[in-house]
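We call the chains A, B and C, going by the order they appear; numbering starts again at 1 in every chain.
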Amino acid sequence: MPSIPIIMPQLGESIAEATIVNLLVPVGDQVQTDQDIIEVETSKATMNVASPCPGRVERFLVKLGESYPVGAVLGYLEASPADAARLGLDVVPARNGEESEAGLDPSRRTQTESTHKSVQPTVRGLPVPANAAGASYMSPRMKARMVELGLHAADLAGLPGSGTAGRVTIQDFEKFIANLEQHKLSQASTMRVAVADAMRRSWTRPLATVALPVCFDALLNHRRTCNPKPGPALYALRALALALSENSAPAGRLIGNKIVHPSAIDVGFAVEAEEGVLVPVIRNAEKHRLKDMVKRYDELVELARQRKLPVEATGGSIATVTNFGTFGLTWATPIPLPEQTLVLGMGAARRVPNWDAAKGQFVPVMEANLTLSFDHRVLDGGAAGRLLARVAQLLASPETL
Amino acid sequence: MSVTYLDAIREAQARALADDPRVFIYGQDVGAFGGAFKATKNLAQKFPGRVMDAPISEDAMIGLAVGAAIQGMRPIIEMQFADFSTPGFNQIVNQAATLHWRTRVPCPITVRLPCGGTSGSGPFHSQSMEAIYAHYPGLVVMTPATVEDAYSMLLEAVAIDDPVIFCEHKYLYYHLKAERLPTEAMPTGKARIARPGRDMTLVAYSAMVHEALAVAEELAAEGAELEVVDLRSVKPLDTDTVMASVARTGRLLCVGEAWPWGGVTAEVVARVASEGFGLLDAPPQRLNAKDTPVPYHPNLWAAHRPTARSIAAAARRLLRL
Amino acid sequence: MVHALFNHHAVDEVSSFGDLYVKAYRVMLLARVLDDKFASLYRMGKIHGGVFVGRGQEALSVSLGLALRRGDVFAPLIRDAAGRLAFGEPVLDAVRTYLGSALGPMRARDGNIHRGRPTEGLFVMISHLGAMISVVNGALLAHRLKGIKGTVGATCIGDGGTSTGAFHEGVNQAAVEKLPLVLVVADNQYAYSTPTARQFACGSLLDKAAGYGIEGQPVDGTDLAACLKVVGEAVNRAREGGGPQMVVARLLRLCGHGEHDDASYVDPKLKASPLGQDCLQVAETHLLRSGWADLKALSAWRAETAQRVEESVAKVQREPGPDPYKQDWCALASKRLSEGQEPD
């Protein structure tokens, strides 16, 4: 026989509980539907709790004079299965109690979200790009902290995130920073930080490199006949200047959908200074013969090494030349300055065998790689190749420079 | 011995009547009957002539309060339900709230509003009115969530020289109990950290504070520590405490039983977003009742307002953002 | 402090009705000249916002103001220039409020007829008609609770204002509480452009008094002598414990709703009827006929009054307006509770 609970009803607005005054029907007696079973008193009035269906009073759970909250089970009725099913009363309705005591009943069950069918206010996610784990989304708090610490997204490249879509949360960030403190730290020089920033900014563009092996014998022979001797980079600088004066488009910059054309063929060259690289500039390099630039070039190199370059000798160049061959390197992919599209590189010359078709044999030649690293948004491999080829051509006749 | 939220309100009024001869209470059924919710039970007998029955005239009730206040009295007006304060809205916002600014004469009235829903009350016995009153300059709006605050903030309301809208929550009247009345109090204008936490700031007021605390308990078992802030008064709103909390946690969820548009939750989110943008690790969130009148049926009513369950879901979503 | 134009205790020393009549007339004259001045300043573009004059209502209004004493409370409405002056409101208060002087009682935070001195018993109206009735009730209740006896609370309203819910609640409340409220209703036939036929269906507004269970008396609003008698007696009855008193005066509004309104909708038949008489002219005629003043006196009073108003206006026009940068921009008396959200 099913046991039907007798529930404390909601007895008035804002009433939370009632006191048991009288049990009107003894245990074991039969009752009809709506028959008064228990007399209770609220702060406003005395009322009766009635039987929900016909049945036999099975037991009471309450004591006289005690208060019980709305929704509490006061006792049980034994009823027939037919009656119980007909009235839909064969389950304990925890619902009523929950709704009227929401939040205050410590025995509430946790519910999984999936059982909650109603429409909840939609919370739009953060604008994290798909599959973009890491610092691609930075919350305002993150940004504020990064400004405080002088950090950029590049500094957080090694930090995967635990937040939504893999973003870096402030907790991830603070843990990361705290963790850094555990390692040996030394101060980076201002120069280092400046170069880091320039390289980071340059790298935001799609960069590519092409290379051309070039025979340097003519250049080297020409150089032996000069006094004073022009630096090898100066040959490349002059050749590049002449090539750009014929067609300056490769050195243009792309801003949005506009190409910004260079106004003067000012070419810079990289000089290694302590902790970084400086780039002095030869102005209007297409207008001066190579031999007339040597003195100025040497001066600039010296000034650069001593970190005494005047302001007017730097900046404003439309391309840069770097002789990484001085480090013995044969191949490199330099990164153009952030404000430039091109950097022409020159590798170390080595004696290599070269096939001489006329002689039908390999002959030894001095060969070096010329590289052109460029902003691929402005020019493609073809234009880059043509520019390199022209530079190589000019370098093959150094007396014309 | 325990004191309910309603007992606290009654005791505060008794104390105000006893301590200050300028205080009187005026409202429907407040005299011999003791008030619809018994908030003034026995007070008419204890303080003869000072607890008076008003006709059903909310406009005139407030007007009368203002006139009495100009003449130096400190009236407490009991609205039978917050929902019925709207016929008196004009007198509250245009007469009482503007008096001091226009004339330099203070208007020390207290208007008690039984607010908030209980199951089955329906659209006109369930409203939370704090936002529209807070919108008008010249009013103080209190929303006590605890028995202690119901007592001490009502005493303070009577003592304040400005019109105070005292939003009592009907559900808390008999459901909320404390062991005793407080002997000290935080001043109005300061929010209370009801539960300290680390992972999220959960701002609430009035009955929602208890839902918020239940949510914090639940989520603690999952390893998340929620900090619950009880605003206590929505005007003035203690921006500093809320901001300091968000500075600790980086995440904000504000919950209100009232409707979303221009409500207290909108105000809290606006302040945190504009003044504490750099403190936020995730967008600030809010949860309110649905934008419809409050429904009658318990099933609808339970789905209409934020509950511990819906707040917990919103909190979990915010934690994962 | 209210500068009493007339010492109200001196009212009791008035040796004759003639003296009272003269006194009343002179206040009416001042009210009329002041109102005319505001109207002309308005047409010159020297006043911001609206101007509301009481042309035609001076007799009724002054009768109420003169019957009140210090200690009473008075909530005048928009056409009560005469009543205010009779109660003791300084001329400069009106001029300063209309001209937006920072030195006015409202400090330019409110304008035109929204002015008063609440702590001195002169309540400041809000624009919602009927709302002041319950405020006066509250003041009277406060007197009762404090044991202050013998005071009266008075307020004025028009035919239109009697339609509001606030009117209904306020009068009913005064009746239930048996407060010494004196309600003077100026039935001037129009609420803005709405004639009384569209305002109420009862035969007379006096019927409403019966409905509330209070006493009501009619009076010819164009006749100063009748107004002084009927209004004075109503105030006395209230003062002596007779409960709320309603006086319904019939007259015609002799101006637009505001000075922006030309009142072209007013029925010319009404203008031509006895109801359309100008109470000021009626009073002048009566003064001359009763021998209480001669033409020379009238002329002198007119000149003196015009001079006084000119001087007041000239003085106030030299006063500064409010400085928005020096305001506290705080609506609460309790500064510590104000939020001061907006950045400067």
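Note that in this section a contact is a pair of C-beta atoms (placed from the backbone, for glycine too) under 8 Å apart; a residue touches a chain by one contact, two chains touch by 3 or more.
Being a predicted model, the structure only gives us computed values, none of them experimental.
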> If you average the Cα atoms per chain, which one ends up farthest from chain B?
Replying inline: A
> Which pairing of chains gives the most C-beta pairs in contact?
Replying inline: B-C
> What chain lies closest to the overall centre, CA atoms only?
Replying inline: B
>> I'd like the Å distance between the centres of chain A and chain B, where a centre is the mean of that chain's Cα atoms.
In response: 44
>> Can you compute the centre-to-centre distance for chain A and chain C, using the mean CA position of each chain? Integer Å is fine.
In response: 72
> How far is the middle of chain B from the middle of chain C, if each middle is the mean of its Cα atoms, in Å?
Replying inline: 40
>> Residues of chain C that contact two or more other chains, please.
In response: none
>> Using the touch definition from the top, list the residues of chain A that touch chain B in their complex.
In response: 10, 13-17, 43-44, 96, 99-104, 106, 108, 110-111, 113, 116, 118, 120-121, 123-126, 139-144, 163-164, 169-171
> Once bound in the complex, which stretches of chain B touch chain A?
Replying inline: 37-38, 118-121, 125, 170-171, 173-176, 207, 210-211, 213-214, 217-218, 221, 250, 260, 277-283, 285, 287-288, 298, 301-303, 307-310, 312-314, 316-318, 320-321
> Which positions of chain C touch chain B when the two form their complex?
Replying inline: 73, 105-107, 109-110, 114, 116-119, 123-124, 126-128, 131-143, 145-146, 165-166, 169-170, 172-173, 176, 330-334, 336-339
> How about chain B: which of its residues touch chain C in the complex?
Replying inline: 24, 49-50, 54-55, 57-73, 75, 87, 90-91, 94-95, 97-107, 137-138, 140, 160-162, 188-189, 235-237, 239
